[in-house]
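Chains: A, B and C, in written order; residue numbering restarts at 1 for each.
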Amino acid sequence: MFLLVFVLIGVTIIIFFLSQVLMNPLALYLTDKTSQAAIPALIAHYHLNDPWPIRYAVYVSNLIKGDWGFSQSESEPVLQALSQRFPATIELTIASILWILLVGIPAGIISALKNNKAPDHISRLVALTGVSTPVFWLGLLLQLVFFYYFSQLGLPHLPSSGIYDTTLALEYPVATITGIPVLDTLLTGNWIMFEDSLAHLVLPSFALAFVSLGIIMRITRSSMLEVLRQDYIILARSKGLSERVVIYRHALKNAMIPTVTVAGLAIAGLLGGAPLTETVFGWPGMGRLAVDAIGRNDAPLIMGFTLITALMLVLANLVVDILYGYLDPRIKY
Amino acid sequence: MADETLLQVNRVKLDFHTYVGEVKALDGITFNVGKGEALGLVGESGCGKSVTALSIAGLLPENASVTSGEILFAGKNLLTLRKEEMRKIRARQIAMVFQDPTTFLNPVLTIGEQLEEVFLLNPEHLAAVASERGGSKNNTKSTLSRSQQKKIAKDLSIQVLKQVRLGDPNRVLKQYPHELSGGMRQRCMIAMALARSPDLFIADEITTALDVTIQAQILELLRDLKRDFRGSTLLITHDLGIVAELCDRVAVMYAGNIVEIADSGELFANPLHPYTKGLMRAIPMLDRRMDRLETIHGTVPDLINPPSGCRFHPRCPLALDKCKSVKPELLQVAKGHTVACHLYDEGNA
Amino acid sequence: MVQNKLVLVGTIIAIGVLMTAAFGTLVVSPAVIVSIDLPNRLQPPTLTHLLGTDDYGRDLFDMIILSTRLDVIAMLEIVGAGVAIGVTLGAFSGFLGGKLDEALMRITDIFFSIPGLILALAVAAALGPGLNNLILAIIVVQWPGYTRILRGQVLAEKQRLYVDALRALGIGKVGIILRHIIPNTIYPVIVQCTLDLGGVILTFASLSFLGFGGSPLTPDLGRLITAGQIYIFQAPWLTAFPGLAILIISLAFNLMGDGIRDVLDPRLRR
């Protein structure tokens, strides 16, 4: 737990360094309404002329208070801009995680059970390609095939960009409960838009998941193979338990342990790939906001985005650790 | 003691397919276990004792294949059974306990979960227990709900843990294997076997991985259990002391062959096969002064290219010419005592 | 066995890629970048232009060859510098130990908690535009990994007897580190960096796709895709082929890395 706090502090130090030391410290806090006269007051408020330790302390306390600086390109505070786009990124990330869980893990198990036969070779190929594929290129190709070519050929096709069809939404307004369209439409029974949001989600989440999918597949496969060789599996079989029970009750829980440890890495990959995927698919998430900010030289926004992503990763690793502790009773915290 | 035969192994040959060649692990073994008797199967490491046990229980690995012979159990040839039928036999009639309680227990499941699942495989038994308790007439498994079954399974688990002398069974049920000591874990494994009230109990070197003091405790447990146990036991070990303590009859194995079978007392008093004699001489005796422990000259043979004829002949001090080319069969030499050695062929003894 | 054939193919392709990078300009003139041939723009693949032409009429195949050169050089620079920094820091930190070592390990922990691409993005944004800044940014992401690997090895290595012998002879710590420790512990790092080559080129291409790095006069594969994506439906080859090139390069180096790891692995178990 201490490590967690320490890492968070460390991340803020890095971002502090990048935004306040490498760049003009004032840039973070200038709003579009700041007048020339107001600048000295601003400097005083943020202690920008004080020695670094004080500046850092002020910086961190401001972060906690919610003052992450001001985004010139969005004309609003950084935190506000980010939190508006947050649900969209969450929707994308969770959908990708679902791909990995519902396709990657079962595929890994099947690869292990059908070791060295066709499904195994296919999964190896997918894993190898996955790790070498540029996410943004994959996204573009998916759009080309599933949107453009399919529609040219008259086949039912998937939409190429956006989180839902805004024109359609004029007729069937999407409520804002959680901010996540798939959830909100589900909760309000707005089936037309639910289907629409889901359709929009398919391609981007698959593209994002593709890289990590292969890795998780292979890890599940190899750890499953390892587990099935263990002595306690022989005992389980000797009890007369059915093969299904042996695999799902005795083997799987053990096999998931190495997979979960890799999960942290996989999530880091998802978070890192989000900006690219969101850009290619016109997805209104934080990643795309950050990328646009690059073009507009909006450094405060980029820094804020980095900070929030680091926070998300730290949290995800915490969840992974807890999951790990639950799976393996030998671990004590 | 043994009026009828429960298990009959006839001329079973078994090969392992490996990268380096075919390992001829079992070379046509024949022995039987009678109802209610305890047969010891002794031999050095690698002689094929564990493989024999796995063949009986149907737990051989993928690369093993039985090339000939039959294993008759309760009127059926186990080698020809379908997987599903063999599974049922393992669930009710044949129970096996293994050598290393550390690796053979599942680390992520509690003892309770691993024990109760054995009972839950036998719903008829649970129903019978339920009706016994309830004193009512419903003794069909369909009348018991899942949770009722679990409750009875839990009670039976506590009972069997008491049987293996584990204090505070309630606590043990909730514990994970790594929270218990080696001796306790082994008792749990034995409990899992007893839970089936099996007709055949196979113990594969169950004390080998334990400390000497714990070994003694487990031995004592086995001795006590034997009094009440009405099934047959196949006790696999390399420790002749255990054999002397617990077994009615003994079969001696060498390099994939059964070389001698006799009643326990008879084997110790009158070993016939040169290998058995060597084994007996190698045991340190407390009542005799010994300057040096005796060993059997030579090493265990390579089973990919085993010696021709009698597999023991390269190490046998009494080998005849015949031994190099002709494999000796198990012949009865005295009542209840068979041996596979040309020294005892008709006309030679 | 199939796996070994794959590794062989990968290694051959990887060597081919390196050759292209080294000698590409002998075959394809850099002048292609500024040669504009508007009547022939956006042509699909034909016999004269094997992979088609881009929006300026330039032959895509030529452009890919020239861009590969830049990507490969960047990739080698990044990994090279990352290894140099990582090995030095890791060796000294691991060998000398103490508070400095503790501090360095915590610092690497922090770096690991930010997804690589995003950290590179942030650093590149902070440093400003330009190819060198992009390379620098990715180096910042790479060094912690090598530091940790090497430090782990060094911790084990310094327990060995010969180290005590050298100290008894009066040889200074720096000398021991440079001349004995590093050469003996470097194998896992070598394995790791060949495995990293594939990933680094993906990061580089991704960031240049987003707009960091080079300029129109110094094209790289990521940039080609950025330019091509506007025409994605009319001229899909402009996006497909450069991306395919990235995939092949990354795949080849990943396979080669796997092969090297399998060869060196027995040696790692010392």
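Quick note on the criterion: contacts are C-beta pairs under 8 Å (C-beta built on N, C-alpha and C of every residue); 3 or more make two chains touch, one makes a residue touch a chain.
Small disclaimer: the values here were computed from a predicted structure and weren't measured.
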item	value
Chain occupying the most central position, where position means C-alpha average	A
Top chain pair, ranked by how many C-beta pairs fall in contact	A-C
Centre distance in Å when subunit A and subunit B are each reduced to the mean of their C-alpha atoms	54
Subunit A-subunit C separation of Cα centroids, rounded to whole Å	24
Inter-chain centre distance, subunit B versus subunit C - centres from mean C-alpha coordinates, in Å	59
Residue ranges of subunit A in contact with subunit C within the complex	3, 6-7, 10-11, 13-15, 18-19, 22-23, 121, 128-129, 131-138, 140-141, 143-144, 148, 268-269, 271-273, 275-276, 279-280, 290-291, 293-295, 299, 302-303, 305-306, 309-310, 313-314, 317
Complex contact set, residues of subunit C against subunit A	2, 6, 106-107, 109-111, 113-119, 121-123, 125-127, 198-199, 202, 205-206, 209-212, 222, 225, 229, 232-233, 236, 239-240, 243, 246-247, 250-251, 254-255
Of all residues in subunit A, those that touch subunit B in their complex	230-232, 234-242, 245, 249-250, 253-254, 327-330
Residues of subunit B that touch subunit A when the two form their complex	57, 59, 87-92, 95-96, 98, 100, 103-109, 117-118, 121, 176, 178, 189, 192, 196
